[in-house]
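One chain, chain A, appears in both complexes that follow, with chain B as partner in the first and chain C in the second.
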Partner chain A sequence: MSRNAKVIDIAKDFTRYPAGRLKTDGPYSGEAFRQNVLVPALKARTPVIVALDGPLGYGSSFLEEAFGGLVRVEGFTPEQVLTLLEFRSSDSSLKAEITSYINDARQQH
Partner chain B sequence: MFGRGRHDEVVKFIADLRTKVLIQGKRVRIDFSHTKKMVSCGTLLFFAELRRIKSLVQDATMLSCKRPKDQTVIEVLQHLEILDMLGTRSGSKPSRQDVVTWQVACGDQTDAQEIGMILEGLRDVSKLPEAVAKRLYTSITEALTNVTQHAYIKSRKDGVSQQLDKGWWMFFRETKDRLDIAVCDLGIGISETLPMTQTEFLIDPLFRAAQLIGLRGKDNIDARLIKAALEFKRSRTGQDHRGKGLPQIVSTAEEVDGSRLYIFSNAGCYTIGSDRHPPDFTRGYKRSILGTLILWSLPIDGWMEAVT
Partner chain C sequence: MLGSNTSFDWAQVVTWGLVIAGWLFVDRKNNEREKRKEIRALVDKTQSMLDQIEEGAVRYHTQGHDDHLARSIKVCLYRKLPDALKIANLRGIMIEDQDRRIIDLRQAITLHNFDSANRYTPLSLNESTILSIGEYKDILSSALEVAYHKQYR
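== the complex of A and B ==
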């Protein structure tokens, strides 16, 4: 990943308490994170590091809507997303879960 | 509330309260003078319904109460600010450990800040392990996402013309070795939401079987449908991007020895880990709670083993 990559620290740049799928679920939903933070960063076509440590946890609804939604809703391909995004977390299972949502979203697109 | 007699008494009391105030427009005085014990599940349901009623009536004097004689009951009602809601002076602050350790959260959306702060507070004060706090946070927020998305998609069948379009209420307690969580909504219940939100369910064999068995068997269809809904959703985990909230809680409860989970929805209940009943036990009741209530009790040590 390039040294010029943009870093998105979810706890600092979004919230320590992510929850919910859609904006109608709450202010810190996966959809809000995708639309307000991820998509603007990805549209610059520069690499993005997503720092996942910090929040208390992530529900599957939040993760799928935020990251799977990049493919399912925003029209990116899984390859584009996985090339542009790098995930940093002390929890390897979390990175694997996010990757699976991105790849699975292709089938639903 | 698991026993049929107690369930019937509590649900009838709450239904009478709702009907008298919200449908008949009558003033009601609740007599707590003979109340000797308040159990978390029935208390949460009463607390939620009372908050709902108070939010729907303009006149604050519609509800009042006769104070309890039992000191613990007084403290429970003080701690939950129920005496204040009913226009009665609450007096001294509650101090009993079996009362003040219960924490309360409620909201309209899946805004999890309050829940997150409770869990972080427990981590600071009682050293709740981080892995447990994370798993708990994830499970609860997923369950609340389900509530926000599905529980209020049509009117509740309680005859009340004014309706809340959202809301959840939660009690949370950590004792020396267990976590106890009770969360409820006053929506339309699993048996009503499922065919609307999961249209494939209408043609699913489990659903059709539940309809047939429920109509004929000892248990009612609501109880059968809670179980059938969980089976249906879990069979699709990993194949669909929606609906992992409740199955996640059930899976966690199954993984941890000593867990107890009760899912009450409308007139049914599904339970795992009860001392007196087999796994996957269902029970039907005469009256519907008109919503969904989840009770979850877990041993902290057992959970640590499961998540690490």
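== the complex of A and C ==
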């Protein structure tokens, strides 16, 4: 990933308490994160580093909607998403979980 | 005369050698036993955490949406559990397919009917979501037990 990559720190740039799938679930849902933070960053077509370790836990529904939704709803291909996004976390299972949502959304695309 | 004063007592050397070797052997065995006890305690603590996660998750899914409980479950699933397993890994306990098993448990609990007061539906104990939570918790807990026994059989 290039040095001029944009960094999205979820805890600082969004919330430490992500919760819910849809905007109707609350202001810090996966849908809100995708629409307000991820999509604008990806549309610039510059590499983005997503720092995952700040929040005090996630729900799988949040992660699937935020990251899987980039393919399922926003029309990016999994290859585009995985090329532009780099995930930073000390938890390998968290990175694997997010990557699986992006790849699994391929089938619904 | 001179020869008898400086004669070397091989019997004493052998005796002390045996004493030191015996002490080293016992000390090593003690250290191994202590390490084994510490790791057993770590495995027990992690299995107990898994039971608590299951208990909380079943309560959440059957007794009503509760923001505080949901947050506590997420902290356990995405912070405390991976940290506990990482410590176990550092102590030589390597779980087969660890990431996949953690993800399966997280998904069973938090992929559907979670973190949404609007769309929450209380489930009965025999529904597939509840059964899956128990199943994936048991799979991870057993995998941890197997990993411990592989290390200390």
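Just so we're on the same page, the second predicted complex is superposed on the first by the 109 of 109 C-alpha atoms of A that agree within 3 Å, B and C clash if a C-alpha of one lies under 4 Å from a C-alpha of the other, contacts with A are read in each partner's own complex, and residues count from 1 in each chain.
The definition used in the following text is that contacts are C-beta pairs under 8 Å (C-beta built on N, C-alpha and C of every residue); 3 or more make two chains touch, one makes a residue touch a chain.
Owing to the predicted nature of the structure, the values given are computational and were not obtained by experimental measurement.
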**Message:** Quick check on the superposition: with chain A as the shared anchor, is it clash or fit for chain B versus chain C?
**Reply:** clash
**Request:** Give one of first, second, both or neither to describe whether A:27 is in contact with chain B, with chain C, with both, or with none.
**Result:** first
**Item:** chain B versus chain C as contact partner of A:92, first or second or both or neither
**Value:** second
**Request:** Applying the touch criterion given at the start, work out whether A:58 contacts chain B, chain C, both or neither, answering first, second, both or neither.
**Result:** both
**Request:** In the overlay, answer first, second, both or neither for which of chain B and chain C A:105 touches.
**Result:** first
**Prompt:** So, A:76: does it touch chain B (first), chain C (second), both, or neither?
**Reply:** neither
**Request:** In the overlay, answer first, second, both or neither for which of chain B and chain C A:68 touches.
**Result:** first
**Request:** For A:19, select first, second, both or neither according to whether it touches chain B, chain C, the two together, or no partner.
**Result:** both
**Item:** Against chain C, colliding segment of chain B, chosen among 26-34, 242-250 or 278-286
**Value:** 242-250
**Message:** Does any part of chain A touch chain B in one structure and chain C in the other, and if so which residues?
**Reply:** 17, 19-22, 24-26, 56-62, 64
**Complete:** In the complex, chain A touches chain C at residues 17, 19-22, 24-26, 56-62, 64, 90-94, 96-97, 100
**Item:** chain A contact footprint on chain B (complex, rising order)
**Value:** 109-113, 115-116, 119-120, 133-135, 137-138, 141-142, 144-145, 148-149, 238, 241-242, 244-245, 248
**Message:** Quick check: in the complex, which residue numbers of chain C touch chain A?
**Reply:** 67, 70-71, 73-79, 82, 86, 98-100, 102-103, 106-107, 109-112, 114-119
**Request:** Report the residues of chain A in contact with chain B in the complex, numbered from low to high.
**Result:** 15-22, 24-29, 56-62, 64-65, 68, 72, 101, 104-105, 108
